[in-house]
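What follows is a single structure, and I will ask about it in a moment.
Order of writing sets the chain letters: A, B, C and D. Residues in each chain are counted from 1.
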C-alpha cells in the first residue's frame, strides 16, 4: 500500500499548526521533577515522514526533548526480538482502564501488569532486557541509534537521576511484582535502567524517522533494514492502539484513530500503517497526562486527511 | 481504497475453515437461559463480503442465530443519528478493563458507563433511543431491516422473555444508573427494549451484509445509501476496536487486528475499513465470553491475508 | 454487674446537653426524600435508661422521629430468633470498610453482604423474615411493640412510600444479590418490607426502652422477658460495635467506645452491656451520614462517665 | 471494677485446653520465611493474668515465640506517648475490610493507611517512632522491657533479616506512602526497624504480663506504673477490637468478644478491660492468617466464663 500522493500534507499541516498555535493551551507541564517542569511550555513541533520518505516539518521539530514513555515502544520492540512470544507470559495486552500508575490492578492480577506501556509493564520489559543484554544501557542505546540511523541519540543522565529520586511509586510497583515473582533481576538495577530509558532525548524529526518501521511492516522503508517481523510490527501497533494513552486510549482512538504513544515530556508519536509516522511535541498536559495540543493537532490531521485507520 | 483483488479469499477461507473444524473446540455454550444453552455446539458458519460485493460463504452461514451484544453496534449507530454527539455526555469511549457486567466501575464513575458496548452503556443507549422513537421496538427493527435491506429480520420474543427472567444483574445496573440520574425512562421499559434488541436473529451472511457500511465510510457500497457519516463510521469502528470484546479487547486486537464485536450467541462481526466485513459463528465461548473458534478463524484469516489494519 | 450508682448521670448529662446546644451544628439533614428533609434541624433529644430502670431525659426526648437504619438491629434480632445461626450463611459479620451503599464489595464477594447493617445485608435479613412470617409487616410491628411494651409504635407509610420512589440504589443491591441467588422472595415484596421497617418511628425514650434488652444479656430487665439468648445478645452487640456506623465504625468505637447503631433520621442508640442503653437524636448528619451532635454527646458522655466498654 | 472471684478460671481453662488438644488442627504454619516455617506446629500455650495478679498457665506457656504483629500494639502505645493525637493525621482508625497487606485501599486513600495494625499503618508508626527516638531499636526494646518488667526480652535478628529478604510487599507499601508524602525517614531505616519490631520474642506468660496495663486503664496493676493514660488505653483497645484481626475482626468480635491482636507466629493477645489479659499460642493459621486453635480457645473461654465485653 502506497501513501496517497494526492493529499497535500504540507498545506494541511501548515493550516493546522497555524490554527493550533492560536488556540489557548490547556493544562500544565509535568512537574514532578524540576528538569521536566523547567521546559518552555510554548515549545511546539510537528514532523511527518511518509514511507516513501517525504518529510514535513513545523515549529520546534528539530529540538530534542525528553521522550519519556515513548521509549517503552522501543523497549518492547527489542524485548520481542530477544525474548520472543514468551514475553507475554509476564505481561498482558489488555488496556488498563485506570490511571497509568495504578497499583490496584497489579495486585488483583497477581503481579502480571496489564500491558507493556503502563509503568509496571515497562518495568517487566526492562527486567527482561537486563536478563538478555550484557551492557543493558549501552546496548539499548545502540539498538535505538541503529534503527534510527542516528548516532546522536542519548540519555539525559540529569533527568534519569531526578526521576530516580522521585520514583517511589515505581519502586512500589516493582517491589509488588517482585513479591509475586515477576521480577528476576535486582530491583535497583531495573529501576536505574528504566529511568535511563525514559530519559532518552529526541526531536520530532528523529522520532518520526525512528518509528517509521512500524508504518512499514517492521522494515525501515528508507534503508530496507528489517527491524522486526511484519507480524510483530502489527502487534506492537495493536498494543499502542489499545494501551498507548493510559486511560485516554479510547479518546485518542476515537478522535485520532491511529496507534500512538505519548510521553509526559509532551511528545506523541502516531503511526499510520502503510502510510506515515508523525511526531508532535507540546509540553502542556491534559488531566490524563497527555499533550493537550498534541492530541488536538493529530485529531485535526486525521480528520482533514481522512487518514484514521478506521 | 479498493480491496486487494490478488488475494484468493475463497481458497484461504476454505483452508482455514477446514483446519478449524479439525481442532478441538474449547469452552461452553452460554447457558444462563435455556434458549441459548440448547443450541447445537457444533454449528459453524463464516461469511465474508467485500466492499465490491464479492461474497464467500462456509458452513452454516445462512442459519440464523441470536446475535446478542452484536446488536449494540446497531443501537449505537441509530442513537448517534438521533442524538448526535450529546450522547457522549452520558456514556464514555474508554475500554472497561474489567468483565462485561461489572458494577464496580459504574459506581466509581458515578453512573456514567465506560462505553456503549458494556451492558450498562447499552442500557443508556436504549434509554436514549426510547426518548427519540415513537415505537422503539418497531422503529429499531425497521432501521435494521432498512440498512440490511432485509425485511426478514426479527426479534426472538422467547429469548427476550427468558433474558428478562434472568436479568437481575442488568436490573442492578440500570437501577444504579437511575440513582445517578443517567436513565430518563421507566426502568422496565428500557430493560424490555434492551432484551428485545439482544434477541435479534441473523445469519452470518446477513450480519456481513448489514455491517458492510462500517467498512465503507458509513455508506452501504452496494446500494450507495449513506447510513451514517464517514466521521461517525470511523468512530464506531474505533470504539469496537477498543471495547468490542469486553476484557479481551486487547487479545482480539493483538491476534486479529480488526475492529469487531462479539455476542454470547457465539457470533462475531469484524470490519476491515476499506476492504470487507466478515461474520463468524461458533457457539462455544472461551472464559471471557467470546467464541473460541470464531477468534481462531479470524486470527488465521488476517494473518494469512495480511489484512490486520495495523 | 450492676450500674454504678455513684455516677450522677443527671448532672453529667445536663451539663453535656447544655454545652452541646451551644456548639455550632455541622452537616445537613438527610434530604434524598422530602419527608426527611423537612425535619426541624434543631431537634435535639437524649434519653438514658439504666438496667435498674433509672431514666434521664433531655430536650425533645419524647418526640417520635424516623429511626431508619436503627430498625435493622430489631430485624436482625427477630431473624436470629426465627432462622438461627443458618442466617450467617447468607450474610457476614465483618465491617464493610466502605460507604454504606457500596455495590463494589457485594460484587467481589458474590452477593453475600458483609454484615446485616449495610443496606444489602438488611435486605437479606428482610428476605429471611418474609420467608418466616405470615404477615411480615404486621408481625414485625407486633414483635417490636412487644419487646418495647409499647402498642403505640408504627410505621410511617408516607416515608416508606417516598423511600420506595427514590430507592434505585437499593433496587440495584437486591437485583445484584438475586443474580447471585441470595434473595428468595419477590424483589418488590422485599423492598416494600424493607422500606416499611426503615420508616418505623420512635422517640429517644422509646428507643432506649426498646433496646435495653441488649444491655442486659437479652432480657428486658424491667419485665424479665427473655427477648433473645444471652449469647446472641452479645453477638448483636459485637456486630453493632464493628458495623453499626458504616465506614465510621472505627471513629465511633474510638471516640464513644460503645456498641451502637445510627440512622439517617439523626438518631443513635448505644448500649453499655451491664449498665444502660442511651438514645440521642439530632438531625444534622456528618459526611459519613451519622448525627454530628449525636456522636459529640455520646463521646462526651462516655468520657465523663468513664463508661466506654474498653 | 474487680475481676469476678467466683469464676474458676483454673478449672475452665484446664477443660478447654484439654478439649482443644484433642481436636484436629487446621491450616498451616506461616512459611514465607524459613525461620517461621520451621516451628513445631504442635506448640500450644495459654496464659491468663488477672488484674489482681492471679496467673493460670497451660502447655508451652513459658516458651518464647515470634510475636510478629502483636508488637504493633506496643509500637502504637509508644508512638501515642511521644507524638500524641497528631498521630491520627497520618493513620486512621477504621477497619480495613480487606486482607492485611492490600495496597488497593492505600492507593484510593492517598497514602493514609486505614489503621495502625495493618502493615502500612505500622510502617507509619515506625516512621513516627524513628523521628522521636535517638536509638530507635534500642529505645523501643527498653520501653518494652520496662512495661513488662522483663529485661529478658529481645529481637530475633535472624528472623528480622529473613523478613527483610522477603519483604518486597512491605517495600511496595512504604514506597507508595512515601510517594504520597506520608513517610519522613529513609525507607530502608524504617523497614529495618519494622522488621526488628516484628521479630520480638515473648512467651504467653510474658505477653499476658506485658499487656495487662490495657486491662487496667493504662496502669500496670501490679507495679502501679502508669504506662499510658486511661483514655488512650481505652482507645487502643477500641482499635484492637475493630482492627486487630485484619479481615477477620468481625469474626473475632462475634466469637470471642474481646479486643485482641494476632500475629502470624500463631500468637494472640486478648484483653478484658477491668478483668484480665490472656495470651494463647498455636502456630497453625487459618486462611485469614490467624491462629486456628488460638481463636477456638478464646471463643470457648469467653463463652464458658461469660466474659465477652458485649
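Convention: a residue touches a chain if its C-beta (ideal position, glycine included) is under 8 Å from a C-beta of that chain, and two chains touch if they have at least 3 such contacts.
None of the values given here were measured: they were computed from a predicted structure.
Enquirer: What is the minimum number of touch steps required to go from chain B to chain D?
Expert: Graph distance in the chain contact network comes out at 2.
Enquirer: Could you state the distance in Å from the CA-based centre of chain A to that of chain C?
Expert: So the centroids are 55 Å from each other.
Enquirer: Cα centroid separation between chain A and chain D, in whole Å?
Expert: Going by mean C-alpha positions, chain A sits 48 Å from chain D.
Enquirer: For chain C and chain D, what's the span in angstrom between their mean Cα positions?
Expert: Each chain's C-alpha centroid was found; their separation is 31 Å.
Enquirer: Please output the residue numbers of chain B that touch at least 2 other chains, ranges allowed.
Expert: Within chain B, no residue contacts more than one other chain.
Enquirer: How are the chains arranged in terms of who touches whom: line, ring, star, complete or other?
Expert: ring
Enquirer: Which positions of chain A touch chain D when the two form their complex?
Expert: Interface residues on the chain A side: 102-104, 107-108, 168-169, 171-173, 175-176, 178-179, 187.
Enquirer: With touch defined as at the start, can you tell me which chain D residues reach chain C in the complex?
Expert: On the chain D side, the touching residues are 1, 92-98, 105, 114-115, 230-231, 233-235, 237-239, 241-243, 247-251, 253-254, 257, 259, 273, 303, 306, 308-310.
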